[in-house]
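Here subunit A shows up in two complexes: once beside subunit B, once beside subunit C.
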Partner chain A sequence: MSTTWLPCGQYHQSYAEDHSWWQTRFIKGKMILLFVILFVVIPLFADSYGLSICNQIGYTILGALGVQLLIGYCGQITLGHAAFLAVGAYTSTLLVLEFPWPAVLVHWGLAYPISIIAAAFVAGVWSVLFGLPSARVKGFYLILTTMAAQFITVDFILTQYVSQIGGRGQAFSLPPGTIRVGPWVIDSDLKVYFMMIVLVILAVAVLANLLRSKVGRAWVAIRDNDISAEVMGINVVKYKLLAFFVAGFIGGIAGAFWISNLAAISPEHFPWFWSLWLVGVILIGGVGSIHGTIFGSIFMVVVIEALQLAILPLADIYPKLLMDFLFIKEGTFGLAICAFMIFEPNGLAYRWWQMKNYFNLWPFSY
Partner chain B sequence: MALSGEQSEAEVLLELKDIDMRFGKVNALAGVSLKIRKGEIHSVIGPNGAGKTVMMNCINGLYRPQKGDVFFKGQRINHLRPYQRAGLGMARTFQKVEVFGGMTVLDNIRLGRHVHFKSGVLSGAWYMGKTKREEIEHRQFIEEEIIDLLEIEQIRNKPVGMLPYGLQKRVELGRALALEPDLLILDEPLAGLNLEEVEDMARFILDINEEERWRVTCLLVEHDMGVVMDLSDRIFVLNFGNMIMDGTPEEVQNNPEVIKAYLGEEELYATRG
Partner chain C sequence: MDLFLETLTTGVMVGGIYALVALGWVLIYKCSGVLNLAMGEMTLIGAYVCLSFYSMGIPFLLALLFSLIIGFILGVLTERIFLDRLIGEPVLTVIMVTVGLSFFFKGCVEFIWGTDTRVFKPPVFALEPIHLGPLVIGRVYLWSFVAAIVLLVIFVSFFKYTRWGLAMQATADDEMAALSLGVSARFVYAIAWAIAFMAAGVGGTLLGNINGLNISVGYLGLLVLPAVVLGGLNSVPGAIVGGIIIGILQNLCGAYLDRFFPGGVKQIAPFVFMAVFLLFKPYGLWGWERIERV
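For the complex of A and B:
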């Protein structure tokens, strides 16, 4: 931390101050304002459509955080993260639907929260399993082994075997009322929103704290130079696997959270394209930055929504646009990534940082 | 091969016994033996390609020699991985700087203290209490002992990748020092530095070797003969994987074989300043 600009005349007098998150009163004020917006303003004023977009953004953030951790902080390129979201979602669904919960837990609405934690652990362990090759291979080769995670998990195990549980075939339907957190039945966008915002804040806080402690430094060291990391006393394999575990853990939470927003869950919710999409999110937001994950998620979701809105009136003139929307969406995705790679390779987070600097140093920016 | 001169009576910190390291048919090290005693600055010299860096890699575990044993603090460490050797108190710097370019100077040095941090994942995620106390304790150590010693206060929050080469070398030394090592392996710490930086670096090496606070035993690989002769307690001469001699600087300077193999090429290895 400690890279915060301090206003003139304000100095830290202890290391604890220099290590804290919100170092000036201005920053504290900004953060409180942000929390007020998140917890009061948006729920009060946003309609169901707006909330559903927020939920989509939250889901993307939760999914992309794991990718950011692996690619941006630990340097382990992954292209199969949707697999761990799927594992989380399926674990949670199966636990809620099939597990013989004691009546007490169901009564208190604890079945779903417990299943989220279980899903996180299962996804974490599953992720470690596919992280094992990282002990041996790097870079492009690792991309292929992580893609294997996607195809083995979603296209093979989930589609061929897990979907057959209970004889349902393709999808598991989640009847209304099955998803309960404590006294609340999660049945509206607003309730999903509150759950999302709590989970996102927890996940961001945990990841940010990890990154400023021993574990996070070890991850970044492995990303920057794995040989000297090992020489400096880091057990490289252990920390790589730990990164895979934490990424899978957060992915599991993301998947388990998302079923609260779905009426049914099938392997089609977790295509390989979604893994690629999450990598695109962090490329656009900024690799190696938690801010970047959030900005990237907002950007991607909002741009696609705006595109959809823009195309609806055009569809009257040229109806094929609606049919081809999937292609337009993917084309935009590719175009956005190309544009960012060329014009702003450091992503939106860097732009944010520049803007902050501009205002912090204004009017004498030297 | 000549072993001469009075070797001090201090305890042996590191011992290599008959190390053989081959890459295919290339004999990078052939039966090299070396004893480093506590408190020494022990230099290794030799022409390019003599196997100096290979020897360092064998010592800190990046390479596994085919034959021979490595003892550290009386313990056989052949089977230990580099990170385990670091845990025993062995740190090193590299010939080409191998800093963590994306991290700040402070984080690089903090990372050097990795083996001294005790808190785990859960307490790190929570960060209150134990982890926070620990972070602040170590921060204090880093600021007061290392950043102060190496005179890098003004760059502590800069990403290391953006610093000039000389400062990167200094940060790398700081990172190795943060481990509070018993043995510090310095692989060409002066390569590529200008005269002023060389003088600074030589002073730091003497400081950490002689100051009561540190008393670090140094294993120095260097081409700058002036610095090597001035700093070293003993010098080990290597030529194409073979040990030529191990003795005091005076003995090395007067040894005809060494002069022939190395010092004789005055044009190439003339000292600076």
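For the complex of A and C:
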């Protein structure tokens, strides 16, 4: 997807303007409005239910960003991303619960933030480990190895071994008050929301800047044609592994963030379904676009919630509908993916791009 | 030694079922180039339909026949509604549509039949095992293996000797040439999906007879992937050999490695094996090596 055109009659006069993120006054105003909404309006007016939906959206965005990077920008199809989220979540949990933190760090509330960073690195390295086959195989075969990553990590290592640490059996419980960031104890939806919004903005900003640098251009070249990319002097293996590392890194942050919203963590939070869900999110939002990741996350979470609300009144007549809602959710998700792939393969981001251009170029859209 | 022999035979017998489902997978891939991740849910649908008919009191073979007919119809419908519009789209699109299909099917199956384990009542096969020399084999395994082999032979002779089968072979070999000789590619795709659906249904029914039928039988559809990768994606004999090898490997790992790595070794082993195998021989035993040009 190419960039948006400037509105009629506006021109750039320096290279700095050409490279700036918010190129016109209108966009600046729009973005400031967005920030005001995110930081002021939503926390002030949303109730706990609304905030929890926002948190879910934020978690989906963080998780899907890594998938977007791998599939949309580097062309490495992955169907096992939940494994890296799980690695991040478990690393962070174990560090917070079991690591002998110096009293100073605990006092200043730094244990959890440090564990997030550590979790991100561990998940990144884990991701590179399973990205290694990408040096030799691609396409369908790579899909299979990433699926193997999911089964080996979540269904085997985490379920059978990591869950046994401390003799708890299945789940690690996170007692209230364990998760602290600086002076704040993360114990309400509102605090989780603020943490989520900061992390999402950071991740999006870093990834967007990375994508317009040398690294990002190398990734896009590999996506478009890896043989040509190699001929042009790009170290294909290095950049593919780097893509896996960054994707795992963001995934680790997502997983480590999500434990602040959970009372207990178990392998069931990261099923294969969740990997596929993340891929579905970017397909519906639009492949190869960060906007798409965000739109897709909002769309999927909101549609599922709306579906649940729509079913509630029917539940009196057909109680089976509510009981089996999980299955309806799965079925709807499947149909939504099929419908988008068949009728709108460019995703929601493409429509957004068209709309923006329509207004920018009006009245002479040719 | 007894344990080894018994594990080996069980492996071969279960592998026969895997081979049957893998054959369906390879068929779709060969004819239409679709990498199908919905195979597991297709086995589920076939198995549950057969179970429903059987619970109504219809004899097993007749119930199987009915489920084959329904599988045929569903296969053609799936191809017509979903896959037909995607000819020539990128790999990811097609794969994700099959993933979407798998969720759709799974949701339907869970909604209609629930998630409790169901068994074929009364049991289709007698419970007492058969003694073959030193070996003791459960009747279910033996009959499943026989059924799988018979169906494999029927399918293979269908490709070799019938008009439809030859048309499918021609399309798989060279679509352009087949089209110019008057073979309808769309017809061939539809038939390929129908046959895959039927093969998957039989595989699911047989597996359901062994351990009872629940949603985890759909895991078989994922096991098919290591099998076809091992044999080569577009090789029919490869699928059969791959299926049997995966069956043996799975049972041997279950018998010998379980004491070192307690838990799910049996489920994980095929995937670990596949990931390692891909590093050394990405095109499988008999798959075509694709030469890429810019």
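The rule is short, and it goes like this: the second predicted complex is superposed on the first by the 359 of 366 C-alpha atoms of A that agree within 3 Å, B and C clash if a C-alpha of one lies under 4 Å from a C-alpha of the other, contacts with A are read in each partner's own complex, and residues count from 1 in each chain.
As a working rule, a residue touches a chain if its C-beta (ideal position, glycine included) is under 8 Å from a C-beta of that chain, and two chains touch if they have at least 3 such contacts.
Just so we're clear, the structure is a prediction, and the values are computed from it rather than from any experiment.
Trainee: Based on the superposition on subunit A, does the combination of subunit B and subunit C result in a clash or a fit?
Mentor: By the criteria stated at the top, subunit C and subunit B fit after superposition, with no clash.
Trainee: Taking the superposition on A as described, I'd like to know which of subunit B and subunit C A:210 touches: first, second, both or neither.
Mentor: First partner only, subunit B.
Trainee: Is A:228 in contact with subunit B, with subunit C, with both, or with neither (first, second, both, neither)?
Mentor: both
Trainee: Quick one: is A:334 in contact with subunit B, with subunit C, with both, or with neither? Answer first, second, both or neither.
Mentor: It touches subunit C, and subunit B stays clear.
Trainee: Rounding to a multiple of 10°, what is the angle at subunit A's Cα centre between the Cα centres of subunit B and subunit C in the superposition?
Mentor: Computed angle, apex subunit A: 80 degrees.
Trainee: In the overlay, work out which of subunit B or subunit C sits against more residues of subunit A.
Mentor: More residues of subunit A are touched by C.
Trainee: Now for A:191: first (subunit B), second (subunit C), both, or neither, which partner does it touch?
Mentor: In the superposition, A:191 touches no partner, neither subunit B nor subunit C.
Trainee: Touch check for A:12: first (subunit B), second (subunit C), both, or neither?
Mentor: Neither partner.
Trainee: Please work out whether A:148 is in contact with subunit B alone, subunit C alone, both, or neither, and reply first, second, both or neither.
Mentor: second
Trainee: Can you report the least C-alpha distance between subunit B and subunit C in the superposed arrangement, rounded to whole Å?
Mentor: Between subunit B and subunit C, the minimum C-alpha distance equals 6 Å.
Trainee: Both subunit B and subunit C touch subunit A; at which residues?
Mentor: Touching subunit B and subunit C on subunit A: residues 225, 227-228, 231.
Trainee: Quick check: in the complex, which residue numbers of subunit C touch subunit A?
Mentor: Residues in contact with subunit A: 35, 82, 85-86, 89, 91-93, 95-97, 99-108, 110-111, 222, 225-226, 229, 233, 261-265, 267-268, 271-272, 274-275, 278-279, 282, 292-294.
Trainee: Within the complex, which stretch of subunit A touches subunit C?
Mentor: 71, 77, 79, 133, 136-137, 139-141, 143-145, 147-148, 151-152, 155-156, 159-160, 225, 227-228, 231, 273, 276, 279-280, 283, 287, 324, 326-338, 341-342, 345
Trainee: Sort out for me which residues of subunit B touch subunit A in the complex.
Mentor: Going through subunit B, the ones touching subunit A are 60, 62, 81-83, 86-87, 91-92, 94, 98-104, 106-107, 110-112, 114-115, 117, 119-121, 123-127, 131-132, 135-136, 139-140, 143, 157, 175-176, 179.
Trainee: Taking the complex as given, what residues does subunit A use to touch subunit B?
Mentor: 2-3, 15-16, 18-19, 206, 209-210, 212-218, 220-221, 223-225, 227-236, 242, 246, 288
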